[in-house]
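Look at the two complexes coming up: chain A is in both, with chain B in one and chain C in the other.
The block that comes next holds the complex of A and B.
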């Protein structure tokens, strides 16, 4: 198999010591982690630069009617916006590893604003991601068992249709069917005293609305990766040897398809977190969606930048895991 | 895994083998024509729906900002799909609300596909640029489109639809370039392009006359996919109240505005929902039909 080369792998001048030293696997993992970290740093720098270059800042975004120029200057000073760009960038970046995401336009630490809702979104996202991985693996494998058959074609059309649907369209459809017309599931999420959803069935509809498009997308990836595997000589040999179909699928095709599936899962996580903002608004779910919606109304750029940083970090971790899966598969079958 | 060349074939395969031998070379031509007309048929719903949405304002019975019935009134003679949160005609707003969304998404799709085609082919012909393109795509994965658009829409609040379209274009290009580059790589490596390059043809000639004609299917399918992505991003932004502002009629904005009255008049939310859903799904299926067929021969299990 020929793995698609990613960014720095081939291009970066300091070639990684692949099999040197007592712990070659660990050295390689550290190299991959450093690369992902570098990518994340570049992204955060780009985000900071974009905020700087575009008109408007947190001070005039939250300004009130009739505020004088002196009041504005005082607020800028209070928010630390009067300091040089380089200094503020350095402060923001060095604060990130310690969990300090900066200050919102209202003067609260971003971290404390996100501390309550972020775990709820993480719970919802994890649920949807698990459902989409399992669903995609099942549907993709089912389609791959009979290439070109009726099941294969039906799953192809359904998954293509599913990944085109915006999450909020799906949310409204689910709300209409499962909540308003049949009354089986609650339409809004009620929040308990501890800030988490009051009961588990309130998670079902939002998670479903998030998972369905990703199931569609990942099914296509799984199906494509399995088709690439099925064209290889070792699978043909296994078929000619008369091995059972399920064994060929699980032992000869899926292992080779794993790197592509892992990368697509990591990409899905990003789309899930983006979609969560919308779905949470519709279902009144107590996650970062509500916080971000409020941030848009207040034009609170530092808060959005903080969420971008946290999301970028989460996706980077998943991409690193995908890198490690690819490493492992490549080492086993060079 | 050892391959035993002497292992006996199963009877099933032997029976199947003559089928492919019997007709050498005859079927491919009609089959290909069949595939193309099939693709046109599958693209038809998307074209019809787009045409209907773009000409919608011509059919609308009422003005978009004129209350004609009670707020959230059920469908009746005055308003075929009932009233919205201010008693305005849902059907008229529905017919008006598609054109701006589709126009924005089309603009994004044209820009992204055009830029990605040029950069993607360049990246294959000039490998040094290709490595930078790979890095940019790796970077863009880290920023979900919705968050990127929020960021730019917030920092540039007075721009209306422009910041949303600009952000969707910039964030969409890296991934699209990767798709074009992946399709262009085998073409650029083929002998005739190398011969033309060695023969001293200029870069733009290589790009436009040698490589591009072989990427028609890829570029068409990419355009369809970018249009779907454009509809997604622009409508999500509108739903988050970035871009179109009330009292403008916009499908995504209608969903957001009328959601509180979903119990009283489900059509006020359901109709724009259905419109966006049908548009996205039909265009995606059309793009799928136009996409180049998989070339690797798959072993039947």
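The block that comes next holds the complex of A and C.
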């Protein structure tokens, strides 16, 4: 990084960079990507360390009752657990660029264990994320256009409540109402021969269970960001000019609110994947959440790391996009 | 930790579902489909055809397709058992029934056993099964990390083919119950099947593989099965992470059978007349282990006092929701040789207090009872037990331990802890595995020369009637002095839709034999 110009003396604050930051264009994107990559690496190291700290290891998690100490040692050696954790982490990381995520404690390649569940979770997550963005934009805008009114206050209360609702309470409620009572939707997801849900309507309940809390969260963000925009002079001017409300919203308020919304969407993606562990189990959705909870129970480090790497990469890409949106909007801002 | 969370989910859904089902019951009852279907009438003729959708528990992370691997998932074990055959299987009249081995015969000294393969047994690709295939498979099993405990007393070189149809197993010691060892894990593959070819490796079982994906599978009838006519066209196995989701799938009609789904699900389904609740008795033992080798429970009188302090009926009612039977401190309750005539031990607090006083037991101290949440009801059993023995003057503090810590630090070592066992149809199994003085899994550290003697004599006795008498003596000693308090046996519980007939009623892994199951629709 080049030092900021300080012409005119130390006392003068540096002018905010108008165009690009220290690195222009593609270089900037690469730097942001590198930062996300470094974070992911740190996260993976933390995963290895955390599982090391849990009591027990993959050898005794996968053994049968009554195996002798020698049998256990053989298992440990077969799984490579007799080597120091740093070495195992290094081996795992160096395999990563080649797409080798190691072998699970049960002897399966991690990539094959994740091959079915990961795309399923991405599908469910994308569906839920799309629903939460659309829902939040609609509700947030609706509320922001009527600041202080009854609609605004109702939406404020409901969105807070929705966000505070634990996924499993919501899931159980949805299940009872839409499946066991009415029979409208399937209660659980059954997997077909191709590893995906056997029919599309099996996606609805889990997607809804994941989306509702995020709609609550994002509605608050959208509403807040729009309120900030509404206070800006150019928006006030547009109002005084008598422009239609929807035009003010789409042309004057939303563009400025975009960075905040983008960041909150990316954060939502992370929370969605967290909620997926519970929701996938309840709806028997064949996703990565179920794999993760089982892998942690088995102290299956390569598999946990594989899940974290895959989801981490997905979230990192979203965060990177959010960063780029933010950069772009800030750059264009007069 | 995950178990706690799961149980929380369970409880939540249980409360909700109870209300939901009460609401459903009215409408379903009126539809007319429910009347009298629950048990299926006895004069129905078995029909062929239909696809049975079975839900079974399993974790996506623990999936294995190796018939000789560690099958942590019930779903994997079910799929493997439908595709591959073991030499013998659990039976109802005798606890070892013929499968790929049609018959077996011991030598005079009960050390050498000859197994004759079933006539007409072929692999799914049409090639006949030979003794070579069996020997190769058993040796492969023996070479796994758990091979020694799966085939105890049998060395790799003790597994030989005598001719094309005869397999010889030689035991290190006389073992009248050796065929018992060949029941659950001796899946037979073709000789020289490569580890990376396991996915498509042909089996000999009643069903052949149509497709497999991530723990789910569809299997179709093997019309050429040597074991008789298979009734179902196909079986679809679906893996379920949680018993609750599996129960919901059944309640919503998405699957036909929820295998081993548990008592909580059964309770929620009780109001649904269109659902069969199938109880398989003697499925799970949850004994309390009192260390006999040393420590506060080393005196047999103290152990007797605790056995007299527990209220067995209340335990079964509260811990198992009534889905179980009272135990009599002898393990292996499902064995035809189980000593039913030994008087049922009942609660007797006066006698308990007297025994404690005689033994000089320190009732001022508080003793830890260590438990886990590995299986449903285990921690609850410890808590209720602690409350009950308080009435006899024994103070017990229940300590819940993480499963990994428990198996490392507590099991086989602590003075007082809960254990659990899922195979309960053999008195000999428990005697040899957990009660002989030198048994590797002697949970209570119990040393009883008269018991060891009774066991060894029984195992070296070829005469059936004489052995039964000896096994009875063995159980009397166990009843009187062992380190176990077995208050009850949990039923295995399956839920099934109204059209399902003749599901296996055996405890434990006997539940995977689906070749005689059929659909009345």
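We adopt the following convention: the second predicted complex is superposed on the first by the 293 of 334 C-alpha atoms of A that agree within 3 Å, B and C clash if a C-alpha of one lies under 4 Å from a C-alpha of the other, contacts with A are read in each partner's own complex, and residues count from 1 in each chain.
We take it that a residue touches a chain if its C-beta (ideal position, glycine included) is under 8 Å from a C-beta of that chain, and two chains touch if they have at least 3 such contacts.
What you see is a predicted model, and the numbers here were worked out from it, not measured in a lab.
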Once both complexes are superposed via chain A, do chain B and chain C end up clashing or fitting? clash
Broader residue contact with chain A after superposition on the shared chain, chain B or chain C: B
Would you sort A:236 into first (chain B), second (chain C), both or neither based on which partner it touches? first
Looking at A:47 after the superposition, I want to know if it touches chain B, chain C, both of them or none. Which is it: first, second, both, neither? first
For A:294, using the defined touch cut-off, is the partner it touches chain B, chain C, both, or neither? Pick first, second, both or neither. second
For A:111, is the partner it touches chain B (first), chain C (second), both, or none of the two (neither)? neither
With the two structures laid over each other on chain A, which partner does A:175 touch: chain B (first), chain C (second), both, or neither? both
For A:151, is the partner it touches chain B (first), chain C (second), both, or none of the two (neither)? neither
Just to be sure I read the superposition right, which of the two partners does A:39 touch: chain B = first, chain C = second, or both, or neither? first
Determine, under the contact definition given at the top, whether A:282 touches first (chain B), second (chain C), both, or neither. both
First, second, both or neither for A:68, with chain B first and chain C second: second
Single chain C stretch clashing with chain B - from 6-14, 24-32, 294-302 or 438-446: 6-14
Enumerate the residues of chain A that count as touching chain B in its complex and touching chain C in the other. 54-56, 61, 168-169, 172-173, 175-176, 180, 278, 281-282, 292-293, 295-297, 299-300
As the complex stands, chain A meets chain B at residues 4-8, 10-11, 39-40, 42-43, 46-47, 50-51, 54-56, 61, 144-148, 156-157, 160-161, 163-170, 172-173, 175-176, 180, 224, 227-228, 230-231, 233-242, 245, 248-249, 252, 266-267, 270-271, 273-275, 277-278, 281-282, 292-293, 295-297, 299-301, 304-305, 307-308, 311-312, 315-316, 319
Applying the document's contact rule, which stretches of chain C touch chain A when the two form their complex? 2, 5-6, 8-9, 12-13, 16-17, 20-21, 23-24, 53, 59-64, 66, 69-70, 72, 145-146, 148-150, 211, 213-214, 216, 218, 238-242, 244-246, 248-249, 251-252, 254-255, 402-405, 407-408, 433, 440-441
Chain A contacts chain C in the complex at 54-56, 60-68, 71-72, 74-75, 78, 104, 106-108, 113, 116-117, 168-169, 172-173, 175-176, 179-181, 183, 186-188, 190-195, 278, 280-284, 286, 290-300, 303
Going by the contact rule set out above, which residues of chain B touch chain A in the complex? 1-4, 7, 9-10, 131, 134-135, 137-139, 141-148, 150-157, 182, 228, 231-232, 235-236, 239-242, 252, 255, 259, 262-263, 266, 269-270, 273, 276-277, 280-281, 283-285, 288, 294, 296-301
